[in-house]
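First subunit A sits with subunit B, and in the next complex the same chain sits with subunit C.
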Partner chain A sequence: MPPVAMQTTTVEEAKLGWKMVIPVILFATILILYPLTRGLLSSFQADRSLTGGRVKWVGLRNYSEVLQDPATRAAFLHSVQYTLTAVILEVALGLVIAVTLHRAFRGRGVILAILILPWALPSVVSGVLWRRIFDPDNGLLNDFLLRVHLINLPQVWLANEFWGRTFITVVHVWGVLPLICLIFLAGLQGIPEEVYNASAVDGAGPLRQFRFITFPLLKPAVSVALTVGTILSISIFDEIYVLNGTALNTRSIVMQVYTVTFKEADFAHGTALALIVAVITAAFATLYILSLRRAAA
Partner chain B sequence: MTRLTNWSVIASTAVALLLASCASADGGGSASQNPSASNVFSAPGTVDLKGETITVLLPYDVPAELLKDFTDKTGIEVKLETTGWDAVQSKLIVANTAQTYVADVAEFDWSFTGQFAGQGWVEPLETALSADLQKDLTNTSGAFSSGGHIYAACYSNDFRMSLYNSGLFLKSGLTTFPSTFEQLGVDAEKLKNAGVQYPISLPMAATEGGVTPWYLLTIAMGGQLFDDKFKPIFADPGSAGAKALAFEIEAVKKGWVSPGSVTLDDGPAFDKFVAGSNAIALASSPGNLATAYDTSGSTISGVVKPGLVPGIDGPGNSFGLPEGLSIPVTAQHKDAALAFIEWWEQPATTLALFTNAGMLPCRSSVLADLVSNGQLQGGAVISDQFQKVVPLFPQGAPIWYSKFSSEAQGLINSAIKGEISANDALTQLADKTNTLISDSA
Partner chain C sequence: MKRAALLQVLQATLVTAIILWSLGPIIVGLLTSFSTETDVRSVPPIWVPPNPSLTAYQELFQGTGAASTIGGTTTQEGAFGRSVWNSVTLTTVSTIGILLVAICAAYAFTRLRFNGNKVFYWALLATMIIPVFTIVVTLFQLMASAHLIDTTVGISLVLIATQTPLATWQFHNQLRDLSPEPEQAALIDGCTRWQAFVRVVIPQMSSGIAAVSAILMLAVWGEFLIPLLLTSTLRSKPVTVLITEFIGKYTTNYPLLAAAGIIALLPPAIVVLVLNRRIRGMLSGAS
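Up next is the complex of A and B:
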């Protein structure tokens, strides 16, 4: 049994700890937990805009209805496509660019600054800029392709099933790639140069060095990049809204949440869908964090 | 702290959150389930409104000098907030659902009536506005009425009509605007042959502005979207709604309308018309005529003319989309808001707004004066079109209109792009509508 003086100190420390933590708890409760709880409750109620404001509990009906909605299913599929394509491109290109920029060379600083620019631009602004490129009547893409005779007529790229989603993915990757590069660059800088020197002495070339040194030691950075890339692509919204609005062919799951909640004024179904998306996103984040811990261990 | 204490704290917090959420969830009912305007506004002249500041939320700009006129006369400052129509709708829906303040005077579109009135989000005005004013607004008040109450005062007497570039018409050998859809097709081909790449400007984006042409074409083809019991009739292949969608699809296929229109909202589509890219703005409005005449922004001011919306055997019907000023129940300065609405509805103000901002007056007396004095450019045609305006919902806009419209925007846009067939789009829309009707019963 510890001495009385030590027990008193422990209690005092605990009280002080609580006093310091309570403001943060209050903040989190008011701004995060309370809205989350309200949202959860409203997801179990009927859409009030149809009941004239009356509260009617419907259990899991909203979840069931929203998952059966064809537009929601299509949006899920589109989001899977966006996520898979964007993450693969971001990780692959990010790795290549980071490895290239890891070595010192003349002009490296300037290239890094230019590289970061797309990430620094607000996504709405970049969407507006890209819209100019994809414009069917006066866009730069159509103008170029017509001049080199790759197309005969101006194309409405964003109205096309395949090209619409492809180009939106390109715009998204363009904006996120700098961040992924920086993550990999930071990871590369954590690898000691001596390891490469030792391997060079043993006769390892650049490819073997990348395969047996760089990539294994970059696994934590890869986990972070995958987590960030996945969360950002699941939450893709601004680029789609600016480039193609709420059109069905490019609608992502978050765009569907927006459409249901704010355009249809259906907060019940919209909240249910939003919570489903939140759970999926949290699951991905948890998987990556666990893999990160395993890699670190 | 012991583990038991930790769990106790967490459990207590969770219970408290749940109770708080349930309490405000149940108590969040709207203030006007049984609306009565009489106890909301003060008797005229009993309150000094000088020094108050009101927020006005509209999707259109109001000239600063006009707002200054209001401030000079009443001492009330105005903070005008403008954003796109769809964004205004979203703001109002979110704020009203959360029962939080958004503005003292707010946009009230005809399409809001069922939903906003049904949930008691706005104050009734029938006992606050003068009898003379209400009589002068009779032609448009119906769009803002529900359950015996009037929820907004009309500020823009919007309805759909066509505009055309008579210069391009002459160049193509055309002297009159087509009165039938069949003639419209013939004239569109002549315009194409004369070098007008895409003769018709028609917004087709997945937005409210992009789906409105489908509503107009349905009405113009002599039909309606619903029967008197709100049963959707547009899925029937022989219905006016089906024919209207078929026309839009054909117009894109034949090159009468640019394929890029599937990404264009009504504003950008009209911008292309006034820039001289198209010969016909098929689903435009009288307010746009004033903008087209404005030499500062229009390249066709000398040649633009109004035209009656084509129909099957002759000029077709159109429908009204009046917009009004309302006072949300969450407004903080309701008397000052009422004063603003009363000032806006004064004949001199509505005339100034028409001249400077293209808002066609709603007061019958003011409209009649404009026509008789020859101040309404294209007045005779506008007047003729006004006679052919019918409501989109003769039964009144339903409480589920925003959901129907959102669904229609996506499906009609997809059908025009060829992603789904027109029949599939309309069938899905009809199914959704039937679900909405049963859910709201």
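Up next is the complex of A and C:
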């Protein structure tokens, strides 16, 4: 009887389906959702070490207190600067590199392999590699700038209010730029060659072609790159940890969460701040999914 | 024609700049790792060591001893080697774990009908935006009560939980684009769903599995924050965490630090160079 057979296959299919997703559900529930719930609850409670272990609900007080902390406010501004600088550099340099490497030439494969190398390295290692360059006493950057007489005295770059964040951004961009280039290269691949040929016949030069063909057609890829770049630079941490530790002048918002939670051992305030960062990240992640959909359409 | 020549010069200049930008810091690291502390400390600093030396690598594996504490950084014999070994086992265990969990989940979400299929899939993807900081203190307590603090297995379990969603998404996208016909043919031939999955669908996915594995290996190898918080000794400390301890508070032994960096970057560099095309395809397709 076919209907019965159909019935059993569907039931078996559902059974197998459940068996195959149970591991992932267990992992997500025990190691993500349960800790998240605990974190969420503790962000509305007073620190237990202060209440003698008793639970004391304080509403949104942890949130308002952590947001009033001058170090948090400074960290927010720093993160805005990291994000803006990183994203502008990534999109600008990414476009130039992608346009340069788009068309076939001898050795293109090798160049592409070299291009993505920095992305593959642990960001801790990127920080380690750049560290000697910025070192105040034995640094290569100081040595170079002294030789070409751009500075007269060695500078402590990472302690500098402006250059500290700027150079950490450079190190971050070094690791992320390859990913942005690949996004643009994929976008360029989607533009048919005929459009360029036709415009060349009409007398358009490379600059006009870029302005009127490449850039408009690349817009979906640009919005994907913008959101990826933003999400990655909001969570910037490893490079700062290696290059300048928890120093105030380079502290990003995630570094502030780390400092409050672990250096100051203040879980309640730290988690409240982490959840605020989560909401901001979620907003950009939604933008990312929307921009992906538009790029695919 | 003049314009074409000009464009070619421009292209060559830009390509050279791209190579210098990408390899520059790595070359600086290589040169530093073959320098002595005297080279690094001389004023002005010596960029290219006149007598390349392996001292830094020797110290890295055999320990610095008490004699060379002027750098502000010391290391014990075998400590670095142990951390590399920890990274290797962590990467292997985690990558295999993530692959097993994610491939099964992606297949079920894509090809099998069951109640809650869509809801669970989207809920799983949504966990990706949760910052590690919101969960890590509770994770620490969980790991402590399960006696998994400072163990490779403990960190692996956490990494499986945090990395599986992205991998599931990538496998889901791949499965959606794969033809379902071979699987249907196998079912008609009398295979059960599970047999068809193991014998037909997994081989069909092999190139995607290779690309995702490579990306996972790079991600786990480079993982820093979770092991920083969940490890305390060389029992499980990976190389990314140990390397940050080579940075002195006041002065740093740069040759030692650079040598550690060069060794830590070799495995990911090899993976990315060998699987270059596949990784590029995956990254530009999925992101």
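In this section, the second predicted complex is superposed on the first by the 256 of 297 C-alpha atoms of A that agree within 3 Å, B and C clash if a C-alpha of one lies under 4 Å from a C-alpha of the other, contacts with A are read in each partner's own complex, and residues count from 1 in each chain.
Rule of thumb we're sticking to: a contact is a pair of C-beta atoms (placed from the backbone, for glycine too) under 8 Å apart; a residue touches a chain by one contact, two chains touch by 3 or more.
Model, not experiment: these values are computed from the prediction.
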item	value
Combined model on subunit A: subunit C and subunit B, fit or clash	clash
First (subunit B), second (subunit C), both or neither touched by A:A14	both
First, second, both or neither for A:F262, with subunit B first and subunit C second	both
Partner chain in contact with A:F167 - subunit B first, subunit C second, else both or neither	neither
Partner chain in contact with A:L185 - subunit B first, subunit C second, else both or neither	second
Which superposed partner A:Y82 touches (first subunit B, second subunit C, both, neither)	neither
First, second, both or neither for A:G270, with subunit B first and subunit C second	second
Which of subunit B and subunit C A:P70 touches, first, second, both or neither	first
Partner chain(s) touched by A:Q45 [first = subunit B, second = subunit C, both, neither]	first
Partner chain(s) touched by A:A278 [first = subunit B, second = subunit C, both, neither]	second
Comparison of subunit B and subunit C by subunit A residues contacted	C
Contact residues common to both interfaces of subunit A (with subunit B and with subunit C)	14, 25, 33-34, 38, 135, 137, 262, 267
Touch list for subunit C against partner subunit A, complex	3, 7, 11, 14-15, 18-19, 21-23, 25-26, 28-29, 32, 40-41, 43-45, 47, 100-102, 104-105, 107-109, 112-115, 117, 120, 123-124, 127-131, 133-139, 142, 157-158, 160-162, 164-165, 168, 193-194, 218, 221-225, 229, 240, 243-244, 247, 251-252, 254, 257-258, 260-261, 264-265, 268-269, 271-273, 276, 279-280, 283-285, 287
Contact footprint of subunit B on subunit A as seen in their complex	14, 25, 29, 33-34, 37-38, 41-42, 45-55, 70-71, 135-137, 154, 156, 158-159, 161, 244-249, 251, 259, 262-267
Subunit A residues touching subunit C - in the complex, by the definition given at the top	10, 12-18, 20-21, 23-25, 27-28, 30-36, 38-40, 96-97, 100-101, 105, 109, 111-126, 128-133, 135, 137-140, 143, 146-147, 174, 178-179, 182-183, 185-186, 205-206, 224, 228, 235, 237-238, 241-242, 254, 257-258, 261-262, 267, 270-271, 274-275, 277-278, 281-282, 285
Subunit A-touching residues of subunit B, taken from the complex the two chains share	1, 13, 17-18, 20-22, 24-26, 28-30, 33, 86, 89-90, 93-94, 97, 115, 118-120, 205-207, 258-260, 262-263, 265, 272, 277, 399-400, 402-403, 406-407, 409-411, 413-414, 417, 419, 428, 436, 439-440
